[in-house]
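Next, two complexes with chain A in common: one pairs it with chain B, the other with chain C.
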Partner chain A sequence: MRKLFQGKNLIVIIGVLGAVVVSALFVKVPLPTILLPAEKIPGLQIGGFHITNTLIATLLADLTVLLIGLLTVRKMSAVPKGLQNLAEWVFEIFESMLTDIGGKEKARAWLPIFLTILLFLLFANWWELVPGFDSVGIIEPVEVAYAQNGVSRGYEIESVAGIVTLTDRQVILDKTRQHEIKTEFAAAEAADEEYHPHETSGGYVLTPLLRAAATDLNLTIGLALFVVLMSHAIGVRKMGLKYFRRFLMPVITGMKPIDFFVGILEFISEFAKIISLSFRLFGNIFAGQVLLFVMAFLVAFLLPLPFMGLELFVGFMQAFVFAILTFIYFEQATHSHAGDEHH
Partner chain B sequence: MIEILAPGLAIGLGAIGPGIGIGLLVMGALQAMGRNPEVSGEIRTNMILGIVFAESIAIYALVVALLLLFVGAPGLQ
Partner chain C sequence: MAQLGINGPFLLAQIINFVLLYLLLNRFVFPPLRKMLEERKQRIVEGLTAADVARQEAEEERSRLMAKLEEERAEAQRRIARASSQAERVKIDILTEARREAEEIRVRARAEAEAEKQRLLGEAQKQIAELALLATERVVRHGLDESLQKQLIDDFLTETSLN
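Presenting the complex of A and B:
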């Protein structure tokens, strides 16, 4: 322990601490604009369909999974090494885990869908930690951003070595100006022409080109809907129309009051599944993103590092939980309801 | 004023339950690990899974807080 604070180490430690203090005092990072809906990228639309930054991030995560998959299967050998070895290791770990939960047959059948969801969400979540996410994008006047996304706080800009960046000097649109912009924008919309503010306040807003895919509810709800609908499809395939007995208990079993309530509860729980799956993923990743923003805003140097480690863990954990719940829902759908056994 | 207070209360009150829950969860897991150290790996995995589920309840409260903060309640302006 004593050696740690001697010679070279001491210089490094003092240097790092000094950098933290200097960055805390002098390097000011603007707090990024936090928006719940994904930002539409200005000027990028295909036939009236606005491309959002989360959509680009989703495609990026898709490409990553595809690329790794292709690289893995390019050179296959009986004695695995490199990427193939890693892939087989991952495969075996999760296969044995799923076998513990649902048995060998089901584990084999649903491992592909399990791993697809797991890997896709894993890369979608981890991409958020790559520098450039949420920080590289298109800068536009705060008036335009207010008209399109409802952002009322901009920053002054400056040019550092040819790159335009935001400074920490805020420009806030007041209520009367907001109202003016709204009417101007509505007029421009009605005349079907592009909106240009007649005066600008000098404030600018950054619309990032990339933003973590799971911070868009469209992705998480879509995925949750797919999982729940798929579980019904699996149930129907296994048991035919008998599958719906669990929801229509009173009709089948002759109106026992308890069964009636069980049926209602089962029915509601299907919607609860969609909500809990989607909001768990969305909330965790969105909260992590806000956490990273705020930490970088407080002290730009070194302080965000432990939180990035935390986000690495959270990103994996949420992907894993989503995938394992998918498997569990599929597995539950193949069991006939407990009430069916005794008649 | 209420616009600031509402999200704070949403996450503040919403975090009480999951906090107690995670405490109980870890207590049980640690006691189990102390009694049978040989299965502590398996217990730890399940403990982390349980923590994630308990934590997600706090996350729902957080989502409500964020919604109130960034989108605002309808009819509250």
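Presenting the complex of A and C:
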């Protein structure tokens, strides 16, 4: 510890601090456009479908998981090493955890879906931390971006070493111009031709090619819907139509009005599950993304680092929470609420 | 909903995406992994059982050998005891024999010494008699004054004591 401020260490420390000061003073990072809906990537559409950057990120995460999975099982040996070791460790640690919660049989049955959700969300969330995510994309006039995605604030552009980049000089579309663009765009849409603004303000917007997959509500709600529907399917498969008795006059207290009310609560809670699953994931990852944007905007170097570490943790935690809740919902669906029938 | 960016086709696309991923993983990744783990578990169980059996066998072998060793040690003990009692007997025999011989030698030596003593005594008596005769002769030849007598006796005594 005493040697921390000596020799090479000192040079490195001074260098880093210098870079931080220089970046704070001279490197102006434009605040990225923060949009709730995923941006459609201009010019990329399949069958009349505008592909969004989160969809690409989703596919990227899918591919990552698949690739790692296939690499793991491609060369397996009885004496594990490397990736196989890690995969087996993950497999066993979560299997034993699920066994603790739901018993051996259920753990065995639902471990695959648990791991799929966990790994998919984990990589989807961690991809966000890779340089280029949210920062490499297509630069287009703010007018086009406004028409497509509703972005009204653009930046002037300049070319640095052959790479076109945004500067921190803002160009903001005012209300009347926004209105004009809307009507022009609607006309172009109606005529089924590509929209070109008749005049440009010199402001540009970067539409990133990749954006953290879980910052798209379509993903989180889709996943939550799937999970909750699956849990109902599991319940019906286990108990037949009796499963729905938990919503209609369950026998819990034996007092009819209270049980009727419990049934309603139970019904509402199914929707609450969807909302809480999807918005928890979305909110955490979206907030993390905005946090990283703002930190990089304030001081480009060093400052975002601890927050990246935080996001690493949040990314894992959210993936884990989603997966474990899935397991718990599945598990709950197999229990009869009118438990006193059996006892 | 559009404000939040929620839109039907994308939602569906995401669900299908996920289901595909699940199906692929569940077909190509998880089963081999589980199979590998279970095979290893099986092998470990087998190995442990085999080790147990081997240990038991070794234990049995060891106790068998220990019994054999014990037996042999007892046998050796017995042999040593036998040998030492034999040796004791031999020792006693030798000792008695030796004592007997020693006694014999002593008896013989004593007898020989006695004979020698008798012989020497006889010889001495003969000499004394001769000397007495000689002395008497001398005294008679010189006459006998008193001083001479005394001297003669002294001489005689000196001579006899010298011899």
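Quick note on the criterion: the second predicted complex is superposed on the first by the 330 of 343 C-alpha atoms of A that agree within 3 Å, B and C clash if a C-alpha of one lies under 4 Å from a C-alpha of the other, contacts with A are read in each partner's own complex, and residues count from 1 in each chain.
Criterion: a contact is a pair of C-beta atoms (placed from the backbone, for glycine too) under 8 Å apart; a residue touches a chain by one contact, two chains touch by 3 or more.
Remember, it's a predicted structure, so these values are computed and weren't measured experimentally.
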item	value
Which superposed partner A:Ala87 touches (first chain B, second chain C, both, neither)	second
First (chain B), second (chain C), both or neither touched by A:Ala287	first
First (chain B), second (chain C), both or neither touched by A:Phe279	first
Chain touching more of chain A, residue-wise (chain B, chain C)	C
First (chain B), second (chain C), both or neither touched by A:Thr52	second
Partner chain(s) touched by A:Pro112 [first = chain B, second = chain C, both, neither]	second
Partner chain in contact with A:Val321 - chain B first, chain C second, else both or neither	first
First (chain B), second (chain C), both or neither touched by A:Val73	second
First, second, both or neither for A:Leu36, with chain B first and chain C second	both
Touched partner set for A:Leu298, first chain B, second chain C, both or neither	neither
Touching both chain C and chain B, counted on chain A across the two superposed complexes	35-36
List of chain A residues in touch with chain C within their complex	35-38, 49, 52, 55, 58-59, 62, 65-66, 69-70, 72-73, 76, 78, 80, 84, 87-88, 91-92, 111-113, 115-117, 119-120, 216-219, 221-223, 225-226
Complex contact set, residues of chain B against chain A	48-49, 52-53, 56, 59-60, 62-63, 66-67, 70-71
Contact footprint of chain B on chain A as seen in their complex	34-36, 276, 279-280, 282-284, 286-287, 290, 317-318, 321, 324
Chain A-touching residues of chain C, taken from the complex the two chains share	2-7, 9-15, 17-22, 24-26, 28-30, 32-34, 36-37, 39-40, 43
